[in-house]
Amino acid sequence: MVMSMKQASREKGRPLPSSLFAAILYVVMFVIYSINAPSAITLGGITDLLNNTIVLAIASAGLTLIILAAELDLSSVGVIAVSNVLVATVSTKMPAGTIGSLLLVCLVGLLVGLVNGWLVAFLGLQSLACTLGTMIMCQGIALVILDAPGGEVAAFIMNRLTDTVFGMIPVAGLILAMVVLAWLLFRRTRFGIAIYAVGTDAVASHLTGIDVKGTKLRVFALAGVAYGLAGYLLSAQTGTGDPRVSNSFLLYVFAAVAIGGTSLGGGRGGVIGSVIGAAILTVMQKLLFAVGVADFYTNIFSGLIMVVAILFGNLSAILTLHQRMPLTRHGDHGYSAQ
Amino acid sequence: MVKANVSSLTPILQATGVHKRYGATVALDDLCFSLYPGEVCGLLGENGAGKSTLVKILSGIVVPDAGEIALEGQAYQPHNIVDARTRGVSTAFQELSLIPTLSIAANLFLPKPKVNAIGLVTIRAIEELTETILKQYAVFDVSPSTLVGDLSLGLRQRIEIVRAMLREPRVLLLDEPTAAIADREWLFGLIESLLARGTAILYITHRLDEVRRLCKRCVILRNGRKVLDAALEDMTDDQIFSKMAGRSVVETYPIRESNIDEAAPPVLAAHKASAAGVNDVTFRLRRGEILGLAALEGQGQSSLFRVLAGLVPLKGGSIEVNGEPVRLRSARSARATGIILVPEERKTEGIFNDLSTAANISIPIINRAARFNFIRNRKERQMVERGASRVDLNSRYLWPNINALSGGNQQKAMLARSLLANPKCLLLFDPTRGVDVGTKQIIYQVIRKFAREGGAAVFYSTELDELVHLCDRCLVMYRNAIVAEVRQEELTPHLLLSLAAGHKIDAYGTA
Amino acid sequence: MNMRKFQWLIPIAVGCTLMAVANQMDAQGAKKYKVFLDMSYSGNIWQAAAANGIKALATTPPYDKLIEFKTIISGTDVQKQISDIQSMIAAGANAIIIYPLSPTALNRVIRQATDRKVLVFTYDSTVTEPSAYNVSNITARYGANTAQWMVNKLGGKGEIIFNHGVAGTAVTKTYDEQAYHIFHNYPGIKIVGDFYGNWNDSISEAEVSKILAAHPNVDGIWTVDGTYGSLQAVLKNRPSRLVVIAGQSNNGYRLMMADPAMQAKGLQGISSSAGPAVGGYAFKVMMEVLLDKKKLNGHNVEYPLPWVEAKDIKACAGDRFENGCNVFPDGKVPPLFLDTALDPNFLPELSLDAVQTGNPTPAATIQPLPDVKYADNLPGINCQDCKAPADALEPNLVTPIPVPK
Amino acid sequence: MENTASPKVRFTVSALRPETITALLVLLATVLMMLIMKALNPTFGSLEQIAAILTTSIFLVVASYGQGLVILLGGIDLSIGVVMSIGGMIIAGLTNGSNQALVWAIPVTVLSCIAIGLVNGLGVAFLKVPPFIMTLAVATAAFGVALGLTAGSSQRTVAPALQQLMSARISGIPIPILLIGCFLIGGSLLQSRTAEGRKLYAIGSNLAAARIVGLPIEALTVAAYGMSGLCASVAGMLLAGYSSGATLDMGDPYLMPSIAAVVIGGASVTGGKGNYLGTFAGAVFLSALSTIITVLSLSQGWRNIIQGGIIVIALTLQTKQWYLQKMANRRLTGQGSPNRALSQNSKV
């Protein structure tokens, strides 16, 4: 007696991605910004905005991968500092300095990522604590390489990467598009799916045959490469090396990921959300300036806007929750555990 | 279903002298046994007897300290799941190994879903493939793109079993496969088709009726040692239990003398209550009564329990406690009126695994053991030991972390915690799931004693004979509504199963 | 939870206030020069006093009617400072005065500004961009002069503690080079402990007290900001014998320097290094250039090194530094107050209240500045491919004593 | 069921819970570091220096108590640095050098800092804003407000009584060390021996179960963040007393170390584990570490490299210790729990 359980077969639609609401908020903020500062929508304005966003966006993209695997990582500012000072000291001296220094910083990022990954996955250290240690070490290494701001970045990196291509497409915009495209593809690779699995339930992943330790190691390594790339692009922005990347940048990398809708508990969210989160934090500065907010009001409004961005994200979670409820017959986990 | 005739040819899997210890505790001690192709071999034993450890060794999760295992003649030492699978051994785990945030299709084909030329998982292709597989394994009306997290517990268990069978294994390990499934015939049908293809199956369960029906031969473990490896026909249930428990334990149910207090207002009553997953539920629960609830998986019984426990807001109708309507805004307000829930999944909703067992038990009423909010250890210890003695939990389990205890002992601690909050009405959601026979007995006695002393209980179970023997009255839920009410005299497992499957029998239709 | 229902209210409310603030700001926009102050991190006393001085000057007649002034805080993130400067250019700034976070990172954006005829001045720390004007004290050899002064007082030998300030900054690197160069000339001088006090008095006090516990007979402390804290550590842990100390201009420090009781216990101090007044001075120079009252033929202006020894200290009666007084009596200002926030000859318009709150001094008007002194080149600090003068590491205010045998 | 062991014996073993063992190990590591440094250079490690290390660690010890409570709930508090600075600025502003004003100035300071903490708690508990963002946003906004009110630097001196408190000694022992002792005892009792403290552990360990058991989750979350504000205000007042003046950035160097102290002390970042003795041990360890590195008189680069390296090594030693503890658990119950053997540190 085959039990036929009539269950409304749900149509293909996934619940609304939370990054959609972050995108809506970004558009609203950009509109207010461009109303008050007409130069916002000029090519130069957009190029400058993208150049200011790119470093935070790529660093938070790297961090997103780690948070999806239910781990945390503070070493981003450390790797960015090391990459920045390396580019400033090496890029003009090496043959083919531009490409050579890019490979070098990605290698350095990979190395630090592997060390972090090994400490967390194989030695079983708590990721927040051990990456705090590696962050301080990297900051030390940056100071040893270059004990004060200076050095010189190859002209190509400094001018071409922050300029536009074919006269109308900002290079930073191209790079961001490539990162988003890479993520869309990456998410559907086995490694991408494994990251979500490990982030949701490490024991179940282990029982499913996923190499949990290997996945975590590779996630830290990949994030390290992203941080190296972010450091490289910071060198393009500043055209110089500065061993002291500020701690406030570290907090904003985490803020970008959270505003983008990725849950800090792991298993839910994505890089696109974090890139939008980074864009929100960057346009916030421009918006506040254009609207005429100055002096200490900037801090007050920045704090307010960050909370508002999250409430927008929560709004999306509530709506998606309702949207899913009537469709599935057994909403047996009606209450949200978190 | 005719038992497969075991030909006396060479065994497909042979384990000799398998030994495994965790620190001082011996999980498996010098175990020798073999599996024959085309045979279902039962594996019985109390919790902690080593069943799960054996499964983990055979499926490559754990490496034995000593001993050899031969599979089809060659040495077999898998060091992870994928090794085991390539050698033709696959497992359906008791602790479901599915990823809730991924779709059914993704889960079926992890860790290596099919990829196209540039390494991308072909989502559409594997979903179509899943569609055919689900049809082939008679799991209907669920789309392959549904997230596993949205499925009911029973459906998740079916997907786990399908995934294990999917890879045409030579050896299939089934660890408590029917824990959350009510329709067991579905599983027996699949097992029959696998046996025809010569697969060897190791079947781990607590349910004797299943072992008798499927297995000709059975291995019983106690404290890591094999105490029996023989056919079951000539053994009675009691002999099997005494072999398992090492003491004579009769799976009988406490004799039921109901003292239902008709006069007093019902302890708990729902009038046309409806909420997310519950439509127009009306019932009455009187003092001293144990009200059973029968339902196939995913019929809204979980939502009903959450509504009564105040975890899900009521959308329509009303709930009365002792006759007066009451608004259950949160679990706190429900508990204040005396309604205590023993939660469905111990691991995620029950135990605080960073705390000691004593702390787990005393947490709801810790303030009673404190003066000016400072906990007096002596008072807490007395309280906890009083609670532990009511569920027969040995006091040496009280002090280590609760996650070091076996499933049965953890469930006893949950029960002790609920009883300590001196409930008027206990909501028990499948309290005996994944628990050994000894603990089950204790749980039955505790519920009976609670009812005798004037408490009221709502008791949902996937094991129909528990409902038949324990409950004074039994409701049946089907598609989020109560469709039938059966008085104690007419209670039989088959009646409940047919009602639960949706057959209308007007003699038992509710008003 | 019913709170959920109100959640959507909050984003709408914030949106409206933002719009309201916007329109109110743009209402009064008569033809005025647009002048922006881009300060970095405003948490410590030095930055606050400098910014308040500039704000007070910007609202002192006649400037209050000539310019539309706005302050932007860029924090410690060089990326944010780049973005803020770009916003100022877009907002049609005529002149921008900046506390740059890095000598080289802002060059590209400053070039963007100067290409659009925007006047760019920096105060206290410098940039290597040739089109910008640097007004700073970094070339006045604070490191060399104070180190030499200390060596002279110590007679060429003794144990000293070295407080670097903030690691990885151009000013720390410059002063460290000069001071170590002087100290290494005298083998008798031994640096028994050095730390990075981050220009912060409580960190300096904690670190000095820990080093003092290990080296009880330290003779001197060379320090940058954090002087008062360093001296407090000695006062609390070894009140019997004080030290020779070279440092900055906290009011409490100057009072102790002049206190005969402290001098009897061996306290000899020098109060030097540029204070927040550099900000005000740079602003006035910029305004005079903006209003074509002054022509600068060099890009690096040097703010003269304040040099106050114990004997020159004179308490002030009122709210201003006038007729030679250079410290406020105890209790009028907190001990950490920086006396070099006021400058009687360059910034007569500033009073104590102006520096503490940023309000203009009543009935004060902007006074013209005397001629500027141009700074020498420091490669990588205030100029790119240029050569530093040969005696860049030598003191120019203090004559060195011979090296004792 | 036979009762194999008398409750008394069993009870003592449970007193040595894993967190206590971790704390003692971290303290041992601190002593070891000091001894090695003393061997290397004899002037190091005098009684005077140890007193100096303890005295200067009071700010971190006090501030990280609040951080520890919040992390116990599985949250984090990034507003500690700013709240410390604000506490210092308010006490300096209100007392302006007069001791009498202390009587009402201290309550006002503590209350305003608690208010900031409560705003954090309300945002996290009711608006469901992730703790990371809520405390960062409140810190940024509060800094802006403080900047507006004080134009950046405190114009007034702190009451002399507060300054003496930080520098005076009672029978040879510096007062801050006595304060640390009281804080340690009071804090440990509050966290580990009270009913509300036990509920914090439960909520941090399993939120869903806590909701079913009916624990006052929202109330305790708000209280924990309020407590964190209180500790930050006390630390801020002590810091203002110590350096006899207050600036808006004096609290910043204590934010990251407050998180490090809690985690090195054995607490789990996902909540449910860790006690105040561990956090205290972490704070003293970091204070001693910075002193040792100062004495090495290396460039800041090498100092960071050594400091980062030692933190990682300390964590590795600590993790090995967890494995021993797991074995101890098994011996006690004579019961293997196979499914736990799977993954060592997953929170399942």
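Letters are used for the chains, namely A, B, C and D, taken in the order the chains are written, and counting of residues starts over at 1 for each.
In this section, a residue touches a chain if its C-beta (ideal position, glycine included) is under 8 Å from a C-beta of that chain, and two chains touch if they have at least 3 such contacts.
All values derive from a computational prediction rather than experimental measurement.
Undergrad: Not counting chain B, which chains belong to the same connected group?
TA: Leaving out chain B in thought, the network of contacts stays intact as one piece.
Undergrad: Any chains in contact with both chain A and chain B?
TA: D
Undergrad: Considering only mean CA positions as chain centres, point out the chain farthest from chain A.
TA: B
Undergrad: When contacts are scored as defined above, which chain pair ends up with more C-beta pairs, C-D or B-D?
TA: So, comparing the two chain pairs, more contacts are at B-D.
Undergrad: Centre to centre, by mean C-alpha position, how many angstrom separate chain C and chain D?
TA: Centres of chain C and chain D (C-alpha means) sit 34 Å apart.
Undergrad: As a quick test, compute the distance in whole Å between the mean CA positions of chain B and chain D.
TA: Centre separation, chain B to chain D: 42 Å.
Undergrad: When the C-alpha atoms of chain B and chain C are each averaged to a single point, how far apart are the two points in Å?
TA: 71
Undergrad: Measuring centre to centre with CA averages, how many angstrom lie between chain A and chain D?
TA: Between these chains, centre-to-centre, one finds 29 Å.
Undergrad: Mind pulling the chain A residues that touch 2 or more other chains?
TA: Answer for chain A, listing residues that touch two or more other chains: 143, 147, 201, 203, 206-207, 243, 247, 295-296, 298-299, 301, 304, 307, 311, 314, 335, 337.
Undergrad: Which chain B residues touch at least two other chains?
TA: 61, 95, 311, 348, in rising order.
Undergrad: Can you list every residue of chain D that touches 2 or more other chains, as numbers and ranges?
TA: Within chain D, the residues that touch at least two other chains are 127, 143, 147, 208, 211, 268, 299-301, 339, 342, 348.
Undergrad: Output every touching chain pair, sorted by label.
TA: A-B, A-C, A-D, B-D, C-D
Undergrad: If you look only at chain A, which of its residues touch chain C in the complex?
TA: Per the touch definition, chain A meets chain C at residues 25, 28, 32, 36-37, 39-40, 45, 48, 52, 55-56, 143, 147-151, 158, 162, 234, 237-240, 242-244, 246-249, 252, 282, 285-287, 289-296, 298-299, 301, 304-305, 307-308, 311-312, 314-315, 318.
Undergrad: Quick one: in the complex, what on chain D touches chain A?
TA: 78, 123, 127-130, 132-134, 136-145, 147-148, 207-208, 211, 255-256, 259-260, 263-264, 268-269, 299-309, 311-312, 315-316, 319, 322, 339, 342-346, 348
Undergrad: In their shared complex, at which residues does chain C touch chain D?
TA: Against chain D, chain C makes touches at 1, 3, 7, 41-45, 47-49, 51-52, 73, 164, 167-168, 191, 193-196, 198, 200-203, 205-207, 209-216, 228-229, 232, 236-237, 252, 331, 333-337, 356-358.
Undergrad: Within their complex, state which residues of chain C touch chain A.
TA: 4, 7-8, 10-11, 14-15, 18-19, 21-22, 24-26, 42, 70-73, 75-80, 82-84, 86-88, 90-91, 102-108, 166-170, 172-173, 380
Undergrad: Which chain B residues qualify as touching chain A in the complex?
TA: 61, 80-82, 85, 93, 95-102, 106-107, 110-113, 115, 118-121, 123, 138, 140-143, 145-146, 149-152, 183, 185-186, 275-277, 296, 298, 300, 302-303, 306, 311-312, 348, 479-480, 501
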